[in-house]
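Got a structure for you, questions after.
Letters A, B, C, D and E mark the chains in the order given here, with residues in each chain numbered from 1 onward.
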Amino acid sequence: NSTIKSDAKDNGEKQLKEVNVMLDWYPNAVHSFLYAAKEKGYFEEEGVDVNFQFPANPTDPINLAAAGKITLGLTYQPDVILAHANQDVPIKSVGAIVRSPLNHVVFLDESTIKRPKHLEGKTIGYPGTPLNEAIVKTMVTEDGGNPDKVKLVDVGFELESSLVSKKVDAIIGAYINHEVPVLEHKGYKTRYFDPTKHGVPNYYELVAVTSAQTLAKDKDSIDAFWRAAKKGFEHMEKDPDAALELLLTNQDEANFPLVKSVEQQSIEILLPKMRTENGFGLQDQDSWKETSEWMKKTGLIKQVPELTEMYIEE
Amino acid sequence: MIKTVLHFDSVSFRYPKQEKGPLIYDSMKFTVREGEFVSILGPSGAGKSTLFRLITGLEQPTGGKILLNGEYFSNRLGHVGYMPQQDLLMPWRTIWENAALPLQIKGSKQADMRISVEELLKEFGLGGHEDRYPAELSGGMRQRVSFLRTILTGSQVLLLDEPFSALDAITRLSMQEWLLKQWEKRKKTILFITHDVNEALFLSERIFVLTDPPVSRMEDIPVPLDRPRTLKALDIPEIMVLKDRLIDQLRTKATT
Amino acid sequence: MIKTVLHFDSVSFRYPKQEKGPLIYDSMKFTVREGEFVSILGPSGAGKSTLFRLITGLEQPTGGKILLNGEYFSNRLGHVGYMPQQDLLMPWRTIWENAALPLQIKGSKQADMRISVEELLKEFGLGGHEDRYPAELSGGMRQRVSFLRTILTGSQVLLLDEPFSALDAITRLSMQEWLLKQWEKRKKTILFITHDVNEALFLSERIFVLTDPPVSRMEDIPVPLDRPRTLKALDIPEIMVLKDRLIDQLRTKATT
Amino acid sequence: MKKWREHTYSFILLVVVLVLWEAIAFNIKMTFILPSPTDILMKLWELKKVLLLEHLPATLCIILIGLGISIILGVGLAISMNSSKIIEKAFYPLIIFSQMIPTIALAPIFILWFGYSIWSKVLVTVLITFFPITINTYDGLRAGSNDLKELLLTMGAKKKDVFLLVNVPSAMPHFFSGLKVAVTLSVIGAAIGEWLGAQAGLGYFSRRMMTQFDGAGVFAPIIVLSAMGIMLFLLVKWVENKTLMWRKSE
Amino acid sequence: MKKWREHTYSFILLVVVLVLWEAIAFNIKMTFILPSPTDILMKLWELKKVLLLEHLPATLCIILIGLGISIILGVGLAISMNSSKIIEKAFYPLIIFSQMIPTIALAPIFILWFGYSIWSKVLVTVLITFFPITINTYDGLRAGSNDLKELLLTMGAKKKDVFLLVNVPSAMPHFFSGLKVAVTLSVIGAAIGEWLGAQAGLGYFSRRMMTQFDGAGVFAPIIVLSAMGIMLFLLVKWVENKTLMWRKSE
């Protein structure tokens, strides 16, 4: 595909503007719309040349966006709020991609856990982030349980293995569109609780952020990127299988060890959470407000940041 | 009958690393009896130190057998007291600790060791240096520590490789006298490498003269002197003749 | 007028580590002129090697001054050729490489070095051993390599610390003769530590006799013999008397 | 007095580094990535109780147990390999192999075996630190002078005596080199170990702060960790100087 | 013939370890945590082209550049510290300090400076590997015999000569100990470096497989990584034996 790109340039079309995007993780089904936009040439049509990078640390997309090293970073709404509240990190969310949490409390199907209250006395593995602690606490409290009776263990990178080797009874920080289907693929049936059904606000799992400076400088390219992304999403929505195929064949097998059946399942779960009547990506002040206030209530942040500082309205 | 302490039965030897090189010993035979004092003379590089390495068991003969006290051991290590040509003091041990090494290996008690070692150190003119490290001693002092260490092995057979080469005439004389006294009192058997013909004549009952390698026979020369000997005795005509003969012998061996 | 090569001007010395210990030299004075051959005798531990360390500049006097060629240097290193008592060969270098060390330091060319070193090795009876490592040589052979290395410094002043102590009489004689020839031909100044009174008498013009420390004056004894000397010359009555006097001197010094 | 003067240079360099750091941090103005030394210091003061009383002991415990096991294991292996060609031939490649495996890949296995107890963290520390001790001690044991060994044999010394009287003293300087590297690695080892799952510890705390965009909070526990590591290092150096006293008299 | 026999033991041990591993893996039946050797082998075969032609060169490149810089830096530092008390006093604490900082804490800073280029990975490798080289070389330089140094001084040798003729040869065995540890660490260093951000490399590939819960896929690149590390180690050992030939004749 690189030849196609250079051909386009040679043909004397207007200079493409470079846009560097850092994904929230390694490429997977959630990024289908981006790869679709790239492969279908939507980005090029809009006059931007998009490069994808993968982060080493979960915080890299925010940090590097703030430092101006990348144009856009995909990250989590609560992290954007945290970054603002704790350190005044100068970033703004430009659009919501996944509109509700994928992060669920997951446990094995055979488990005796039936409702969040049952987590009392159980051990839960999590990747060591305070956000997950707050989610568990909110859920257990809302269900009438005592959150102090839940034992949380930071299991680092090993969510799945800690669960299947029965070192923990449940995990949080696992995604229903990735960990759950992967476990199923390996022969482990699981069940899960949706945090939004148990007192946690319906926060955006995935948003795209940029720095205030970059926004001022590259507003046009970002807008162009977003228009193309929307087209990509429309394609993904219309023909998920084709979009997935684009993702899978986009990179060679060497760099792309995805399991097709897992990603198919993933896309099914994702689509309803990405779709909105008001147009893909649109952000809602209520979501920012609700989430911030919940975070303040649980002690994750000390005060609610200025809402308009955190995102741009279209 | 006097016991045979050491017997070389057609011993041949070459250093394993010089596989293609010449033999140093070629089916050599000799015998040393209990209580003898034998000096070994020979040109530099003849194989004197090598002889000691064979006797101690540090090297194994390429051919033939070495008998100790009439018996054949395939592992002869630990049967004789050996003073090597280099002093080989351990730089990380004090003089006292260096000297006490053989006692320590035998597992003697600290207290017993202290007394005997300190006494000997004093006798050898090393009193007051017990707690210094070898690097702080003069060459002759180090040699005396090495000698002392050999004595403390308590072996009945002593192999001394140029033990007094770094000592001045006076210190050397007193060490020689000390050694003779020990030899007489304790009935030790002593093999003594030296380059000093006078020393050999003064001390020993027999003198072995080595030629350049390969050596297949050592000249075996008895010393016709009674005990106790004085230095003056070396000036009597008979001994002067013997001395000249020895020097001549060494000279011819060295030039052929 | 004959130049003064070495002058000790009230030199005092004690090893820095023995801060509280006795002085080894206490305001000692002496002078050595160009082309002299001086032997140094003294009991073990008297300070002979220390004297050399002072001259070379490895140690600095606690008091007084050392003049070389009439000049005072605070750093005397590199002005004289020094052969230490221990052979100090580098275990990781072959014989040839060990001997060539001083030439290498001076930056001589490989090719030039090869010839001169190999010739001397042959002359010292070490031909054919050039490529072996020190661990494979006999004690006397190592001493000759060390001696050779000192000669190759090419210095006009040589300090030799018991250079021939590990050699048999014959090899020793040939080395002595070689040294004398060099000394006469090249007008070297030589300081020579030995324990062998005969050697001192045979080689030198003056003999310094050290006492036990602290030394403030060395006995300075001229040798009344013409050159070239033969070994037989040592047996003439005048020398026999001198020899007895030397031995007596050493003995009294050692016992007081 | 002299002791103090000796440290002047390291102090000057330290100040230079700190000033430079402060300047860079001030210029890029991104506390969440590169906090300035004063930020860190303030954070340190703020968190002093939590860090020193809660997290430091947890980490120190892992480090000390890990190092203890490493020394025993490393020295033991070095001795066995030194005394038997068979063991050497068999284990040497395995030991090297053990070092090539990124610890993180083994994390799930450790946890399978040890759960989230201290032992999985200790194991990581051991895995990282035993290697320099083993290699250095082993190389050191071979450095003993052959002449000395032979002399001891002629005195009727057993293999054990030769070992204790020649090999061990000759190996000491090498062993200490290895131990110094190991002590240093142990700090990282413990931190990595804590990332595999922990409830407390300086590495755990630091990583937690990373998710909070709290740059100073990330570095404060690391400063404590480093201080502890340097202290351990100096301790080893002190023991080394005491043990190898004879060196000075050379 | 003899050469082959020498390796028999290591071969036997290897087989024993593999069989045990296979048995354990078979028993716990959790391929994604502990894949069996046969699983890994099959995966290796399946991925051979990708691993050997694409990811191996990427990682090897990081390792070689990193080691090269480490050797230059480590030896350079050791020499400077050996030749000047001031430098030693100033840098020694800083060098130790540099080792105590968990690399991951520095990752964002590296990336800020170098981006996701090869240099952030090389830097991690250098940070991990230069230390054993520095410490060992430095300790080795001090191990030179004083008597020999003095002898050289009397021959009019300059500081430089003494250094080259005594310190360097005496430091060689120590240097090689350090290099062996460094080579081993370089493999982990490169792997960690790749986790900080990479698009290719064995460490990167392994970690990606981790997110896929694919045990055999995690271990296959590690096996390649280890094989490469062992090869490098053997190379160093071979050079060591060539360089320290005189040891044999002792």
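Methods note: a residue touches a chain if its C-beta (ideal position, glycine included) is under 8 Å from a C-beta of that chain, and two chains touch if they have at least 3 such contacts.
Worth saying up front: this structure is predicted, and the values here are computed from it rather than measured.
Colleague: Note down the smallest number of touching-chain steps it takes to go from chain A to chain D.
Modeller: 1
Colleague: Can you name the chains that touch chain C as well as chain D?
Modeller: Correct list: B, E.
Colleague: Among the chains here, which has the CA centroid at the largest distance from chain C's centroid?
Modeller: Most remote chain from chain C, centroid-wise, comes out as A.
Colleague: Quick one: chain B and chain C, Cα centre-to-centre, how many Å?
Modeller: The computed centroid separation for chain B versus chain C comes out at 27 Å.
Colleague: Nearest whole angstrom, what separates the Cα centre of chain B from the Cα centre of chain D?
Modeller: Roughly 50 Å separates the two chain centres.
Colleague: When the centre of a chain is set as the mean of its C-alpha atoms, what distance in Å lies between chain A and chain E?
Modeller: Using C-alpha averages as centres, the distance is 37 Å.
Colleague: Could you put a whole-Å number on the gap between the CA centroids of chain A and chain B?
Modeller: 87
Colleague: Using the touch definition from the top, which residues of chain D touch two or more other chains?
Modeller: Residues 28, 30, 33, 104, 108, 112, 145-147, 195, 207, 210, 249-250.
Colleague: Show the residues in chain C shared as contacts by 2 or more other chains, in ascending order.
Modeller: Each of 17, 86, 135-136 in chain C touches at least two other chains.
Colleague: Provide the list of chain A residues touching at least two other chains, using ranges where the numbers run on.
Modeller: Chain A, residues with two or more chain partners: 57, 59, 63, 67, 157, 161, 165.
Colleague: Using the touch rule from the top, collect the residues of chain B that touch chain C in their complex.
Modeller: Residues of chain B touching chain C: 15, 17, 41-45, 48-50, 85-86, 125, 136-141, 144, 161-162, 165-172, 195-197, 247, 250-251, 254.
Colleague: Could you please specify the touching residues of chain E with respect to chain C in the complex?
Modeller: For this pair, the touching residues of chain E are 147-148, 150-157, 161, 165-166, 169, 244, 246, 249-250.
Colleague: Within the complex, which stretch of chain A touches chain D?
Modeller: Per the stated touch rule, the residues are 57-59, 62-63, 66-67, 79, 82-83, 86-87, 89, 125, 128-131, 153-158, 161-162, 165, 167.
Colleague: Over in the complex, which chain E residues touch chain A? Could you list them?
Modeller: 30, 32-33, 50, 54-55, 104, 107-108, 111-112, 115-116, 195-197, 199-200, 205, 208-214, 217
Colleague: Give every residue of chain B touching chain D within the complex, in rising order.
Modeller: Of all residues in chain B, those touching chain D are 56-58, 77-82, 84, 86, 88, 90-93, 101-102, 104-106, 132-133, 135-136, 153.
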